[in-house]
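The same chain A turns up in both complexes below, where it pairs with chain B and then with chain C.
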Partner chain A sequence: MRLEGKGLVDRGAPVSFTFDGRSYMGFAGDTLASALLANDVRLVGRSFKYHRPRGILTAGSEEPNALVEVVEGNQQTPNVRATVQEVFDGLVARSQNRFPSLSFDVMGVNDLLSPFFSAGFYYKTFMWPRPFWEKLYEPLIRRAAGLGRLSGRHDEAQYEKAWAFCDVLVIGSGPAGLMAALTAAQAGADVILAEEDARMGGRLLSENCRVDGQPGADWAEAVLDELRGMPNVRLMARTTVTGAYDDGTFGALERVGLHRAPAPHLPRECFWRIVAGQAVLAAGALERAVGFPDNDRPGIMLASAVRSYLHRYGVVAGQRVAVLANNDGARATARDLMAAGVKVVGILDTRPDASAVEDCPVYLNAQVTGTAGRTGLRSVSFRHAGGAAVLEVDLLAVSGGWNPTVHLTCHMNGRPLWREDIAAFVPSPGAVPRLTAAGACNGAFSTAGCLREGRDAALVALAALGRAASDVALPVAEDAPYAITPFWETPGVEGRQWLDFANDVTTKDVKLSAQENFRSVEHMKRYTTQGMAPDQGKNSNVAALAVLADATGRGIPQTGTTTFRPPFVPTSIAAMGAGGRGAGFAPQRFLTSDQASRDRGAPMIEAGLWYRPSYFPKPGEATWLESCNREVLMVRESVGVADVSTLGKIDIQGRDAARFLDLVYTNTFSTLPVGRVRYGLMLREDGHVLDDGTTARLGEQHYLMTTTTAAAGLVMRHLDFVHQAFCADWDVRFVSVTEGWAQFAVAGPKARELLATLLGEVPALPFMGVADVALGSVKGRLFRISFSGEEGYEIAVPTRHGEALFRDLLARAETMGGGPYGMEALNVLRIEKGFITHAEIHGRTTAFDIGMEKMVSAKKDCIGKAAAARPGMVGPEREQLVGLKATGAMTAGAHLFVPGERVHRETDQGYVTSVCWSPVMGAHLALGFLKNGRARHGERVRVVDHLRKIDVVAEVCDPVFHDREGVKLRA
Partner chain B sequence: MRINCPLCGTRDRREFYYYGAEDYLDRPAPEAPAQAWDDYLHNRDNPAGVTRDLWYHDLGCSSWLVVTRNTVTHEILAVEAVADRKGGAA
Partner chain C sequence: MPELIAKSALHGQAPKVALGTTLSEGVVEKMVSVAPYPGRGAAVDAVLGALGLRFPAAGEAVAAGDVRLIWVGRGMAFLLGADAPAGLAEHAALTDQADGWAVLRIAGPVAVDALMRPFPVDLRAAAFPVGKVARVPLNHMQAVLCRTGEDAFEIMVFRSMARTAWHEIAEAMDVLEARARAS
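Let's turn to the complex of A and B:
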């Protein structure tokens, strides 16, 4: 029921929403929970295991019961806490975990069967017979248990992630947080104030309190006005700090669009990483419930939540109210309700020695022995110092004291400390470096205490930052002591006393766990599932371990807590992985020829982050192989053009450039004449091949290195390491110019003819020569190198001219019977010629293995030389590169065996790395590694791939199938 | 985790590539015995406490760095550029 004149919601802005198909009205500023309570909806969900009817317990993100599905079009978001979800026009929510309806749920039968379903039930019952688990038990249990459902569709909504930096991060905007932010901001520090709630102010919005003579909410608004006016302050509402990480890094989840109707380009959430020089944790405290029989009925609510709904939303959740508490603070609930004209029928104080002076009956030494009302509370039975009684009530406000919100201080392995005087855990100081806890989360429960600790924490932060402190006066506020006598469960009564509402764990389950010797708090948690629900035990952990401590005869500090880990609240994977779905998963690199290739219908294939044309289909070609065969023959017989810009290009200059290349390459580059190109082999320090490629000498002190596409970044990192670690004083500098040049292979017997039409005159380059060329006013480079085995050139121009040159080259090639060729043909051409790629130099092959041991110069040191000479790195026991030729298809990954021998790992002779159909040879070709392979040319081997059903006999041969003497290359 | 790059300032660890122990800087002479090369390439301590290892500022200035850090507390105690070390000629 909504009270006139109470609350901070905007009465001028009514909104309409639906819950379980029925329409309701609320106001802007309402949560779904407050709006439902205003409409007298008390039953909002069914519990996880027993399908017990449940109502709203809290007014915050720790809510264990009121979990709903929010529906947007064909999307649905499960397990949304109704206490966090703000209402907006058109919001559609529905209850979960019930069938067919919330008020009548067939699975409610579980509750009647609960004597069979105690803790450990699943472990004991469904273990046998074993095969039944996967086929029968698990699907049944999954259907019966569980919370909300996913839509089963892709989440097409938008999410974001972002970084933020500040001097001081203040977490929480209650009295402590506001004072901390104000103190830090007035000293000139960059401040971020992060608040989980939509509205800043914390408990000041939910209490009938005064600060400096004004209502708490007004004081908060005045401070916020001041902060809003300061350029060094950033206020982040709806932002939950979810985790504390190393070196002042925090994770935070901002609800950007969840409180309004979906709109194009409106992200739902943003996951922040906030880097703070110092942090003040002012996260407040969470009230805890009390154990008594059937303490989970709708209508039983935390006392602080009752005050929140009253003061913040102008809502009372009942007409006849009782209060059950073990502390003085909860008395405010009765007083505030009475002041608002609500009937309070009694205060049940569990303490025998508390004050009995209130404007309503007070029952001391009171213990609730039972409650009634299946889908909503009707009455409370209790005993007290003067006897026993039953009160007709529809709302019972409960307070078992407060738990400081210490979670973030535990994220870096800190263990909270037990404070007997407040019967609660507080953060251990310094648990998170550069973070100071202040206010209620530090065990200071009075408003004045919060204000003081907030200011003091900011002063600590400012001192650590080396900033002069500001002079901020402390406002005057109540400073009442917090008087509490712990009361965890009701002794000597029948019936289940619930601890963990979300996972349906009772005090009896915890005791059973102790009885079955799961006495460690970590074992108890796993045995009972206490604390493993979406609320992560925020409502139940301390009470559960108090019960466990009692059952095991230990104290609470000795029992200890389970570990609080990030995230503090449920955090959607979609937010943490924002931008990483679909094409956002990895960056895409496109060639300058990309559009031209796609224009010709070329399917694009991923090569690292690059997209390269697979083949260029022509009309009438039904398969990729037809296109590939045509392209191979085209290159062998006329001319083909391919974009090879993906290869890494590193420009190397300096007086010691040659010396440096001699160190990183196995072979010698200091002897390379200017204007010539040399193939180079690079080893890792452990003697295995790192990469290969050609390097051109453009000037006396100027080289251009080419790396493979796959290893471009790896080689750059390696060069940086060798230079900085071993020869930092040498005069050599290098930079990646991969993005700066578009480079095209022009290969085939008509390559020179084609280039002549383009360049007018082709420089008279020897094989492995390089020269500058001019294409009109554009300066380019022409290399005479070949990866196909034909007479080949590569022509390079600045990237911005790449597309024009590619289209031009294709047009010229096509008039000569040539054209473009793709990755498939490029692969066939290089296999026919026995050229290796990273399929062969896969990280476990040596220069010896690939037949290049003579390229390791004996005259100089190089990276990897010493290790490459170790025993076992050379010799006949090594698997050596060979060619394989067969009439049937082979597969990369197939293994090699001696024909007639058993096919077994012990008889394994080697493996296949690359395969193709060679239209030139009219045979299936492969490259692979065979034990002592170079001595076995001419032998036959059996090629076996069980996975792809390959079993053929191949002839072992030299890896160079085509033009072994290189006549065509040098033509 | 944040690393204070001597050239770029304090940056998130996502900008850096981790390589391995500082030992990689102590390259044996080419003619050193096999055992010396084996130790250099493969044998490492795995301390619970202070360790020195190599990081590369991949998404920054391309500096190789020696980072002194505590594997227990995650504290970073010092960051030096590899190139600034004394006497590192091959």
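Let's turn to the complex of A and C:
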């Protein structure tokens, strides 16, 4: 019910929304919870396990009951807290975990069976037979229990992530936060004030309090106005600080578009990383409930929430109200309600010695013994100092005291401290470096105390930052002491007393846990699932451990708390990984030939973030293999062009450049003549092969190294390491030029003829030679190298000319009967020639294994040489590179066995690394590693791949199938 | 041989404007990496002095007219806008870098906000003044970020990644515009 003249919602801005298909009206400034209560909707959800009818318990992000699905187009967001979701025109929300409807839920039968479903029930009952758990029991249990549902579709909505930096981060905008922000800002510090709520002001918006003679909300607004006018202040509303991390870094989740209709590019949420020099935690406190039978009915609400709905939203959730409390603070609820004209039928104070003087009946030493009303509270039975009674009420405001919001202070393994006087845990000082807790989250429960602590925390922060503090006067506010006598559960009564509403855990479950010897608080949590729901135990942790402390005969401090971990509120992965979905997952690297390849219909495959053409289909070719076969024969018989710009290129210069290469390569480069190219092999420090490639000597002190595409970054890092660690004083410098040159392979018997048409005259290059060439005014380089086994060249030009040269080369090649070839053909060509890639040098193979031990120079040392000579790194027991030839298809990953022997891990002889169909040989070829393989050419092996159902016999042969003497590439 | 047509990394990309802020592709005609050999710092500075420059400290860009020398990493700077002066190759490794990098420029009132989405770096004026340069990740790309004016920045990434870099920054601008429209 909405009260006239109360609340801070905008009565001039009505909005329409639906809940479970029914249309309702609210006002701008309402949450879904306040708007539903204004429309007298009390039943909003069903509990997780027992499907008990539940209403709204709180007015904040800790809400355990009122979890709803918000529907947006074909998407739905489950477990949205109605107390956080703001209403807007067109909002569609629905209840969850009920069938067929919220008011009649057939799974409510679970509640009647609850005597069987106590904590640990599933583990004990559904143990046998074991396979049934995964296949039968768990799916059934999961279907019966549960929260919201996902759409099952990709979340394609816009999300955002962002960084922010400040001198002082203030977390929370209640009286403590506002004073901290004001004090820090007036001293000139860069301040970020982060507030979870849509509106700043904290409890000042929810209490009937005065600050400096003004209503609290007005004072807050005046301070906010001042802050808004300061260029060094950034106000971040709807932003929950979710975690505290190293070096003053905080995670924060901002609700950007969740409170309005979707718009293009408007993010739903933004995940912030805020780096702060100092932080003030002014996160306030959370009120806790009290244990009594059936304390979870719709209509039973925290006293502070009742005041929030009254003062903030002008809403009361009932007509006849009772208050149950163990502290003085909750008395304000009764007084405020009466002042607003709401009938308060009584205050049930659990304390025997509290004051009985109020404008309504006060029952001392009161304990609730039962409640009635299945889908909404109707009455409360209780006993008290004067006897027992029943009150007809539809709203019971409950307060069991307050828990300071210590969560962030525990994110770096700090443990909170128990304070007996306020019966609550407070942060241990210094638990998070550079963070000071202030106000209610630090155990200061009066407005004046919050204002003072907020200012003082800012002064601490300013001092640490070395800034002079401004003189900020403390406003005058109420400073009443907080009087509480702990009351956790009602003794000697029948019925379930709920602790964790979200996970349906009762006081009895906690005692059962202790009885079953799960006495540690961490064990109790796992046994009962208390604290493991979306609210992460915000409403129940302290009460649960108090019950556990009682059951185990220990004190609360000895019992301790479970560990509070980030995030403080449920945080969507979509926000944390904003932009990282689909193509956003990694950068895309495009070749200069990209468009030309796509124009020809080439499917692109990703290799080392590069997009490379797989093959170039021609009309009439139905499969990739047809295209690939044609391209292979084209290169073998005519000429082919391929973009090889992705190979890593490193420019190396200096008087010690040759010496440096001799150190990183197994073979010698100091003897390489200028104008020549040499194949090189590089080892890791552990003696295994790191990479291979060719290096050209461009000048006396100038080399150009090429690496494989996949290892370009790895090799650069390796060179940096070797240089910095072993020879930092050498006269050598190197820099990547991978991206500076577009380089194209021109391979085949007609390669030279093609280049002659392009260059006029092809330099008389020997195999493994390099020369400068001119293409008009463009200076290029021509290498005579081959990865195909044919006469091959690679021509390089500055990248800006790459596309033009590629298109030109293709036109010439096609005129001559050749054309482009893709990665598939490139792979077949190199397998036919027995050239290795990272499929073979995969990190576990040595120079010996790949048959290149002779390339490890005996005349000099190199990185990895000593390690490569260790026992076990050479010898017949090693698996050695071999070729395999078969009539049936083989697969990379298949393992090798001796025909006739048992196929078993212990009889494994090796494995296959690369396979292809060779149109030249008319056979299936493979490269692989076979034990003592070089001595076994001519033998037959069985190739078995259990995953892909391959079992063929292959002939072991030399890995070079094509032109073993190298006549063609030297032509 | 007819002349080969030259294309920039983002050839044909129209500038993007949002909230008075413009993202555009920059032109790099000349860019050379300068990596002084050990112990040759003074000699390098002496040669650079002829251009009115000196070798920059870490995180620094030095300029003389249109000629700039930008620190890009340990013992290395990029010389933009001029050929390497005669004699420099005696004391430093010089390598042409003009084709290897794409340059993006962003200028306008929300440039800082847009960049502080993909760049994890403090761009407040006091922490990142004009003339400051940093090697920082642009999401998953390694970039060189340089503040060229109060509201103006230059971003360099490997040329092949130019489209992704453009997308990341353009998206941040789109989001800021949508936020502004919503508030």
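Throughout what follows, the second predicted complex is superposed on the first by the 965 of 971 C-alpha atoms of A that agree within 3 Å, B and C clash if a C-alpha of one lies under 4 Å from a C-alpha of the other, contacts with A are read in each partner's own complex, and residues count from 1 in each chain.
Quick note on the criterion: contacts are C-beta pairs under 8 Å (C-beta built on N, C-alpha and C of every residue); 3 or more make two chains touch, one makes a residue touch a chain.
If you're wondering where the values come from, they're calculated on a predicted model, not measured in any experiment.
Peer 1: After superposition on the shared chain, which partner residues are touched by A:Leu663: those of chain B (first), chain C (second), both, or neither?
Peer 2: first
Peer 1: Figure out whether A:Arg717 sits in contact with chain B (first) or chain C (second), or with both, or with neither.
Peer 2: After superposing on A, A:Arg717 lies in contact with chain B but is clear of chain C.
Peer 1: Figure out whether A:Cys727 sits in contact with chain B (first) or chain C (second), or with both, or with neither.
Peer 2: After superposition on chain A, A:Cys727 lies in contact with chain B alone.
Peer 1: Contacts for A:Leu113 in the overlay, against chain B (first) and chain C (second): which applies, first, second, both or neither?
Peer 2: After superposing on A, A:Leu113 lies clear of both chain B and chain C.
Peer 1: Have a look at where A:Arg273 lands relative to chain B and chain C in the superposition and call it first, second, both or neither.
Peer 2: Both chain B and chain C are touched by A:Arg273.
Peer 1: Contacts for A:Lys865 in the overlay, against chain B (first) and chain C (second): which applies, first, second, both or neither?
Peer 2: Touch partner of A:Lys865: chain B, not chain C.
Peer 1: Does the superposition put A:Asp651 against chain B (first), chain C (second), both, or neither?
Peer 2: It touches chain C, and chain B stays clear.
Peer 1: May I ask you to decide whether A:Glu685 touches chain B, chain C, both, or neither, giving the answer as first, second, both or neither?
Peer 2: first
Peer 1: Does any part of chain A touch chain B in one structure and chain C in the other, and if so which residues?
Peer 2: Dual-contact residues (chain A): 163, 273, 275, 728-729.
Peer 1: Can you name the residues of chain C that touch chain A in the complex?
Peer 2: 1-8, 33, 35, 37-38, 75-76, 92-101, 116-122, 124, 127, 139-141, 158-161, 163-165, 168, 171-172, 174-175, 177-179, 181-182
Peer 1: Which of the residues in chain B end up touching chain A in this complex?
Peer 2: 1-2, 10, 12, 17, 19, 24-25, 27-28, 30-32, 34, 37, 40-41, 54, 56, 58, 62-64, 74-76, 81-85, 88-90
Peer 1: In the complex formed with chain C, which residues of chain A make contact?
Peer 2: Going by the criterion above, the answer is residues 158, 160-165, 190, 256-257, 260, 263-267, 273, 275, 579, 586-592, 609-610, 651, 653-655, 728-731, 733-741, 758-760, 774-778, 797-805, 808.
Peer 1: Which residues, counting only chain A, touch chain B once they are in their complex?
Peer 2: Chain A reaches chain B through residues 163, 245-249, 273, 275, 412, 433, 663, 685-686, 716-717, 720-729, 861, 865-867, 870-871.
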